[in-house]
Each structure stands twice: as C-alpha cells, then as structure tokens.
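Across the two complexes that follow, chain A remains constant while its partner is chain B and subsequently chain C.
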Partner chain A sequence: MWGLVYAIAGAATAVILAGIGSSVGIGIAGQTADGLLSEDPESFGNILILTVLPGTQGIYGFVAAFFVIIRLGLLAGTVPQVSAAVGISIFLACLPVAFGGLFSGIYQGKVSAAGVAVAAKQPNESMKAVILSALVETYAVLGLLITILLLMGIKIQ
Partner chain B sequence: MSIMIYQSRKDDLRYSFAVGKIRALEAKLLEPLIFRRLIETKERQDIIRILSETTYGEFFKEEAMSEDFEALLKAELLKTYQLIKKIDPNPSSTSNLLALRYDFHNLKGLLKSRASGGDSESFLTPLGLFGPEVIRQMVASDDYSAFPQEINEAVTSLIDELEKTSPSPQWIDLQLDRLLYKYLLNQARLHKISFLVVLFRWQIDLSNLKTLLRIKLMGKKRTFFNSVLLEGGEISRELLLSCLEEPLGNLISRFSFTPYAHLLKEGIEAFEKNKTLALLELLADNFIITFIHQAKYITFGVEPLITYILAKENEIKNLRIVMVGKQNKLPNTLIEKRLRMIYG
Partner chain C sequence: MAVNKFKKIEVLGFQSIQEEVLNTLQKLGKVQIVNTQENLPPTTTELMEQREIDTKEVDIKLQQISYIINFIKKFEKKQGFIESLRQAPEIITFEKLNKIAECFDLSATYHQCQELESQFNTVHSEETKVQTEIKFWQPWSSLGINIKDLKDTTYCTIVAGTVEAEIEEAFVQQMEEAVPEIDINVTSHQKNLSYVLLICLNTNKEKLWDILKHHEFQEIKFQGKEGTPEEILTHLKSRLQSLKNQATTLQQKGQGLLTKKEQGQALYDHYSNLQHKKKISSHLGYTRQTFSMLGWLRAKDEKRVQDGLRKFTEIDIAIKDPENDETPPVAITNSKIVSPFELVTKLYGLPHYKELDPTPLLAPFFFLFFGVCLTDAGYGIILSLGCFLSLHYFYLKEGPKKLMQLLFLCGISTFFCGVFTGSWFGDIINYLPSSMGFLKNIKNSLILLDPIKDPITFLIFALILGFIQVWFGVFVQMYKDLQAKEMQDAFLSRLPWLVLLPGIILLMLVKGNILHGALWAGVAKWSSLLSSGTLLLFEGRSHKNIFGRLGTGMLALYGIVGYYADMLSYCRLLALGLATAVIANVVNQMAFLTVKIPYVGIPAMAAILIGGHIFNLAINLLGSFVHTSRLQFIEFFTKFFEGGGKAFNPFAIQTKYVHIEEK
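What follows is the complex of A and B.
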C-alpha cells in the first residue's frame, strides 16, 4: 500500500515544484514585460515568447506526473499493487524534473526579464534574447528526459 | 575609462515592473544624432520641429512652451520625477532623495535673497520633494519641522548662525550642500543602496575638488575652506586642506591614486590655462554618467530608476547648453564641445 503513496507523492512533487518554478519565472518576466508594454504596447509580439518561455517547466512536471499515472495504470480504475521499494524508486525518479523545473523556471524568468531590455532598445534583435533565455531551458529538458528514462526503467510488477 | 567599483547585490524583484518601464523610456532618451541636428539648426523654429518628433513633442500643444524653452525643460523634468514616484515601490529611499536636492536649491535661493534682499522668484524651481510653496512657507515662518528631524535641526542651527554673522552667498550655498549631502549619504547607507552611496560619495569628492580650485583662485583662507568642505567623500579632509597651499601642478600627483586622476589632470591643466572650471565640470559630469552606465546590467533593483533620473537630468542639461548656445549665437563646434556625454 505504501508503495502507491510514495509513487503518487513523486508525481505530485514533479507537478508542484516545476509548477512553482514556472509561476515564479513567468511572474518575474511578466512584470518586467508589463513595464515595457505600459510605455510601448506595440512591442507585445517581441516579448511574448520571452515571457512564455519559463512556462514550459510546469508542462514538463505535468508530463512526468502523467507518465507516472500511466505507468501505474491509475486511470484503469483499479488500485495497482506497488511495493514500497518501487514506490520510492518512482518518487526519486520524479526529482530531476521537479528540481530542474523549479530552479530553471525561476532563473529563466530572470534571464527573460533582462532580455526585455534588448526588446526595448532594439526590437529587431529580441530573438537573440529569446535564444539566451532558451539556454536555461536545456536543464529542465534534461531533467525531464532522465525522469522519463528512469520511470520507463522501473519494473512496476 | 572604466569604473567598476559598485558591486551588485541580491536581486530585488519588487522593481521588475518599474525596470521594464524604464527600459522602454530609456530607448526614448534623445540620441547623439538629435543633438547634432539641434546644434546645426539656424532658426528657433527648427529646434521646435526637431523636438516635437521626440518625447518633448507633447508639450508643444501648449503655446507657451514653444516660447519659453526653460519652462519646457522644467516641465519634462517634473514629468520624469512624477513618473518615477508612481512606479517606484519604495520612493522614500530613492527618488525622494534625489528630489530633495531641488528643495535645497529653492531653500538656498530663498535664504540668500532674504540675506541680501534680492529677488528669488526667478531662481525657484517647481521641482522638489516638498515643492517651492512649502519651502517658501518654511522660510517665511522660519519653521523647518516639515523636513526630516536631522535636516530640521541642522537648518535651524544654520539660520541662527546666519543671523549672527552675515556670510557670503557662496558660504550659504556650501553649508546647505554640506548638510544635504550628509543627509543623503546617511539615508543611502540606512537603506543599504550601495549604488547611491558610491554616487553620493563621488559627488561629494568632485564638489570638494571644485571648491578647492575655486578657493585657490579666490585666495580665501584655510578656515573658510575647512568650514565648507562636504563630509563623507573618499578623499580625506586633511588631504584636501593640505592641498590648499600647494601649487596647482602638484595637485595632479596628489590625487593620482583616486578614481578622479584622469579627469583632474585634464581639468586642472585647462584651469591653469584659462582660469575656468568649465572643463573640469564637464569631465566630472561625464565621470558620473560613465558610472551610472553600470545600471544597464541590473534588472532587479532600484539602480535603473536612479539612473534614468540622472540620465534625464543630463539630457536636459545638454538641451539647455544647446539652447543657450544658440541664443547667444555661439559657434556650433563650441556648443558641441560643451555637451556632456550622452547616456545611452
């Protein structure tokens, strides 16, 4: 019985931490973007991608959690039998995307906010700021990748 | 010349919105090209035409503004301060401190005109944390309790001294500067804004160096110099006092260890030649503009707001140089030489 509890805790952690990372990140980038828009509403197109970028971490957390749900067969309507060892393994497998998402989301938000300065000064160059912000994304993607590989590797029954 | 003394600290996310807005506003600051075009104008009408393409354009809806450039510049600066006050999450530690300088400007004018019986109206500026009306009432009733306690006490004791002796207007100016900068530096330290601490300390040093040269030129006494030196700068009082008796040529080497070595060398050489501080003042202004460029690399903090105010003040100073130069029919090259470094 406890195995299932650990496994679900892992799925929840992935969604919660990666979600926090994204919310904080978009919160920071969004405020700075709003500041720019308050003076220059036409720059919306240029800064939309910058502001949206930190949102992906939340999605990665969601994907990881969904993967756990599928692996456990929770949607089938029956309560799966999972040993404690497997449950803890699933929990640990969820941590890369959870922490990767938490921190990369916040820092990506900061890079995006700084990129707003580029969009303000030279709107045509704003894609360069997007690329720099996307570099932070790499580590959330790596986190998700490892989480999925680990989840695939764990034998449930 | 690069100056990297100021070190960044923890991100202050309260300023996220404000900095985004500042980035948009900075992009609208007048560029060097605009100044070049302004300098090359022949008619007053051309200046108005060029400026109406910029942020200054909105003021020309009022007829009076195209007649009176000084009113235009003051209106723009007033707008800047109002805007910063609106977006600054904690104005008491930042824009209010910078605005206080204008209250002191008004206070100086009013106290000097009271001492000498001259006219102060033309001297007053509409800017300031308190505004000219409040300051006028303070001076009329000799009640400075609206100021923070520290300033109130200092100004009141200064007024007592004014009544006992009848000092020169320059002395009044420098005394008020002295207590203003002491307060500003204390506040910057209290709020832990190291950007402002560095800025004020440099302004104090530069002001003291200018006073040193002026006093050398006027041949005033050591006691006078000692009584007007601003406190809190990086250059010690003893060093400044000891320089009073030394020949000008020695000063350059005496200050070679300071960040001002470069500007002092050029400034003092020009001062020796033509007995004016114009070049030194220009270099000192450029020194501060170079310093505030650092705020470009700060996204989460108050620094960009402070920098925007200073950049706007600098832009307005440059516009004034162009307009006054044009009025007095100065050659274009001379006007260009007098322009301060443009922030951007």
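What follows is the complex of A and C.
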C-alpha cells in the first residue's frame, strides 16, 4: 500500500516543483515585460514569446506525472498493487524533472526578463533573446527525458 | 544559390544633376551607398569635403504628419483584426504622390488637428468638473433650502456633513438627548454614508461639536452657489448635456478629417523617403562643382543600374570587382523552396562575404527536426492550412511572409512525422465509435514507431539524426578547407574526425555485441586507432616543441567529448515529441470524460478539445521552433560556420503605409 503513496508523492513532486519553477520564472519575466508594455504596448507579440518560455517546465512536470499515472494504471479504475521499493523508485525517477524544472524555470525567467530589454531596444532582434533563453531550458528537457526513461524502465509488478 | 557576388560602383558628376541621380537610384533600389570619406584613400578624400545636410525641415514635417495620422486614427471605426490583416496598402504612383505633396496644406491641417485636440481636452476637463459637482450636490437634492441662507445666524448654528450610515441611529438618538431644541435632517444615504443637516442654538454649540467629534462627523461646507440644491443640480445637468453636445459636434468634426488620413499616410511615406535621401546625401563627397558617390551593388544588377543611369550624360560611372581587403555587404539568394529557411540563417547572422551560405545545408535538417518535435498529423494539417490561408488571404510584409512559408513547410513534415508515429490530435481516433473503426486500422497500419510505447527506439532515432548532422557539419568544414586550398587542415584536422566519429560508434556496437564478425571488429578498431593517432600526432603541427605538439594533440582528442555531447543534445527531439503527444492525449481524455454529463456534455467536450489542442499546438510550436533553431546554431553551425556579414541594405523607396509604383 505504501508503494502507491510514494509513487503518487513522486508524481505530485514533479508537478509541484516544476510548476513552482515555471510560475516564478514567468513571474520574473512578466513583471519586466509589463514595464516595457507600459511604454510600448505594440511590442506585445514579441515579449509574449519571451514571457511564456519559462512556462514549459511546468508542462514537463505535468507530462512526467502523467507518465506515472499511465504506468500505474491509475485511470483504469482499479487500485494498483505497488511494492514500497517500486514506489520509492518511481518517486526518485520523478526528481530529475522536478528539480531540473524548478531551477531552470527560475533562471530561464531571469534570462527572459533580460531579453525583454533586447526586445525594447532592438525589436527586430528579439528572436535572438528567445534562443538564448531557450538554452536554459535544455536542462529541464534533459531532466524530463531521464525521468521518462526511468519510469519506462521500472518494472511495476 | 548562395552568397551574392557584389561589385563596387563609383559615380562622379556635376552637382546640378545630383538630385536626379539620387532619385533614380532610390527608385531602382539596387545600390547601397556608403560613406565616401571612410571608404576612399586619404589622397582622394583630401580633395573633397563632406557636407552636413540639414534635415530639420523634413523632420518637423514628418513629426507633424505622424501627429495628424495618430490624431485622425482616434475617430476611425475600429477595424476587426482579420479585416486589418486583409487590407492591402494603397497603390500610388510617383506622379500622384508628388501632386498630393504639392496640394496638401500640411501646416493648416496640423493646426486644425491641434486646435481640435485642445477643444476636446477643454470639453473633457469641463465635463469631469461638472460631473464631480453633480456628485457633490446629489445627496442634498431633497433639501429644499436656498444654499445662500444656510449660514449661522445670530442665534443659530448650522452644520452639514456625513456620518457612517451604521451609526446614524445612535448618532441621532444621542444628539436629541444631549442637545435640546435641535433640528436634525437626514437628507439621504449614499455608499454607507448618511448626509445630515443640523440646526441648533448657539448656546448649545459646544455640546453639539462634542458629539459630532465623537461620531467622526465629516463637515461639508457649501460655498459659492445660490438656489436650492435641486435648482443647482438642474443647472449642472443642463450644463453637462450641452458639454456632451459639444463633444459630439467635435467628434463629427474629427470624423470629417478622416478623408485626409489616406493622403496623410501617403505624405508620410513621401517625406520619410525624402529624409532618407537627404541623409544619404551627407555620405557623398563634394568639390565645388561635383559630387562623388561610392556604393555596392549585386553583380547581377550591374546592367540594370547602368541602364538606369544611362540618361545622364555628364556623369562618370565605374563598376569594379571588390579588392581583396574590402568587405562588401552580404545578401543571400536561394531557390524558392529553400528561401523560407533564410529566416533561420538571418536569425543567427549572415555569413561573411567569402563564406558559403548555410541555408541550403540546414534546410533539410530544420524541416525534419521541426516535424519530429511536433509529431502530430492533425497539428501538421492545421499548421500548413493556417499558413496557406494566411498567405493567400492576408496582406503580409516580407518578414511575416517568410515565416508563414517556413511554417507551411514545417507543417508538412509535422504531418508525416505524425502519420508515422500514429498521432492524430493525440489519440483522438481511438475514441471514435466502433462504426468508424476502419480509421483506426488505417492509422495503425501507417505507424512505424510509437514514441509513447517505445521511447528507447525513438531516442536512438533522435541520436542518429544528431550524429548525421554533427558529422555533416565537420564534412562541410572539410569541404570549405579544400575550397580554400588548406590541404593540411582538410586531411589532418577534419578527415580524421570524419573517420573517428563513426569509428567509435562502431567500436561500441562491436563491444556491445550488436555487430558481429571479425570484419566489423577490424574496421572499428583500425579506423578509430588510425584517426585518433593522426589527430594526436598532427593536430599540434604548428608547434616546434614535441611536447607542445603532443599536448595540443591530446587536447584535440579531448574534443571527442564535445562532439558526443552535441549528439546527445538531439535527445531533445524525443522529449519535445513526447510532450506534444502526451498533452494531446490528456486533452482528449479530459474531453471524453465530460461527454457523459447530460445537456452540457457535448459542448463541454468540444470546448475542451478545441481550447486544449490550440493551447498544445501553440506552446509546442514555440518549443519546436526554438529548439530546432538551437540545434542548428549551437550543434551544427559551430562545426563550420563563421558568420559576421553585414546585411545588404540598398538605398531604396521604403514605405510604411502605401505602396509606390512607377506607373
């Protein structure tokens, strides 16, 4: 019984931590973007992209949690039998995307916020700022990938 | 198909025809004019002077016109978003433009707008003032006393003000108990305040104020008005009405100006081109009688420029190939199908003049990778269809047009990747009723690889793509070395890598017992050994010291980590592809859960499906574009691309509002 608890704790951790990373990141970028918006409302399209970029970490956390749900067959209606060892394994497998998302989200938000300054001064070059901001995201992607591969590898029964 | 060849043009002529020459060149739009002083040898520039051209007059006119346009816009009916995209700019001939510039009374219109705006402001501020006054008097409207008479008399004190509505009862009661012979009028209640008028004898004044203070009474003083509040209010309201009428009249006047908007916009373009021309004139060199101009043009435009300038007789034109130490501007041309990918190259920066254009090299990779990141047949159709429709029905500028073309192509690859992974708006086909089961069979028969069920195979596929692009990048660098006749670099620094990269992979496959046989083992062993040996011995060939040489070789071999790290970076293709598929599946699952709810089930399902898939498409479209670009810039370009070219920026007619044509 405890196995299921650990596994669900893993899925929840992935969504929560990656979600925090994204919210803080978008929060940082969004505040700076609003500053530019007050001066130049027409640049909205450009800076919207920069602002939503740190949002992907939250989605990665969500994807990972969904993989846990699929693996456990939670939506099938029957309560799966999971041993404690498997449950802890699932919990640990969720950590890469959780922490990768948490920190990369925050730092991506900071890079995006700085990128808003690029969009303000050189609107035509704002895509370059988007690419730079996406460099940070790489590590959330890697985290997600390892989480998924680990989840696929764990034998449930 | 590559970086364009450029030629240098030098023009020398009398100042009498300078204006005409510049006009002709601007209309041709094929020559980039550079600063004479900075680009000619000092012996020549000594003979010439540069002139500061005063653009103040044009600047002021442009300012006035943009003020007019912005002012008039306020009176326009708001256009729908789609409608505004569909609107093509007005086409105008030079002749007509000049006529407009002659006829349009700019300063009169400018002053007219300014006056109208100041009238608007007066009316608006007056309106707010009256409205505040109405708010002030409204609570007292039931008070049938002339305000002039509400003054302290010899025997009486009169106080008006507010208390909190909650304590009104207690307040009145206390007041009546404590102050004899008091008259309390509660005129109205507004926003939890009670408006009260109190009259008592002067002898009781102190008692009155004691209680007032105790109840946090806010005194209100009536000043400068006559008549009952009712009368004052009527007066104010009629004043407000007349102000509103005035505003309507002004609004109509403003709408009357709308007819001038189009002319104003044409004029804006006219003057901004004039300003551009004046700024360019300051790049020329001048003697007392002549001017000299220096510029760049594409070799293929040579004839057209010469033909265009033929009508001038008192002019000397020389068109030459650039010298070795000169850096011409850079422009790239590609075939119709590759040219949308120029957008990606330009995002990073143009190649330098003597480099090859990376656009055709990255195009197939970008096309494929984008599809792998998005992997959904349904999204591919929507993306391509959307881009196709907007290309046909909307008027788009050059940049957005290229982007739409690029996404149209990427939509096609997304479609095929989706078909091969069996993803059509996620797993929506699985939810269809069994009568449409044949669709499911068709879908399943087309699946080559399901990333959700078999992510490892997909991962290997992504890494193979990475290997191909990284290897190809080194190959391009070797090709560049061969072209530049750098044989040592080509054969001692690039070729070994081209052998070593697959060699090590073969070695791993042999060790992992995936490849069998002595032949493979031999090939793997010797290719790796020979190539790494070459690198170790020859990478440091510029060093005379043997230790320095071997050290550099060792360091070069360590580069192997970099190459394989680059290849691993392509695993993001799997992660992004999975993210799209999983979110699409979740959207479907949620949508079809609601379908059983009576009445609202079907609409709710439709809303979740449409909203969810649009969200998923938007967020993953951004991710696919950004990450696919990154793979080109960081993993691919670093192998061979230098960049740093300055974009060709010809002196041409540039417009913001209208489209100017010759005839």
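Operating definition for what follows: the second predicted complex is superposed on the first by the 157 of 157 C-alpha atoms of A that agree within 3 Å, B and C clash if a C-alpha of one lies under 4 Å from a C-alpha of the other, contacts with A are read in each partner's own complex, and residues count from 1 in each chain.
Everything that follows uses one rule, which is that contacts are C-beta pairs under 8 Å (C-beta built on N, C-alpha and C of every residue); 3 or more make two chains touch, one makes a residue touch a chain.
None of the values given here were measured: they were computed from a predicted structure.
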Look at the residues of chain A and decide whether chain B or chain C touches more of them.
C
Chain A-facing residues of chain C, complex
347, 455-456, 459, 569, 571-572, 574-576, 578-579, 582-583, 585-586, 589, 619, 622-623, 626-627, 629-630, 633-634
If we count contacts the way the header does, which residues on chain A are in touch with chain B in the complex?
28, 31-40, 43, 110, 113-114, 116-117, 120-121
Inside the complex, what are the residues of chain A that reach chain C?
49, 52-53, 55-56, 59-60, 62-63, 66-67, 75, 127-128, 130-131, 134-135, 137-138, 141-142, 144-145, 148-149, 152
For a test of understanding, state which residues of chain B touch chain A in their complex under the given definition.
11, 13, 16-28, 87, 296, 299-300
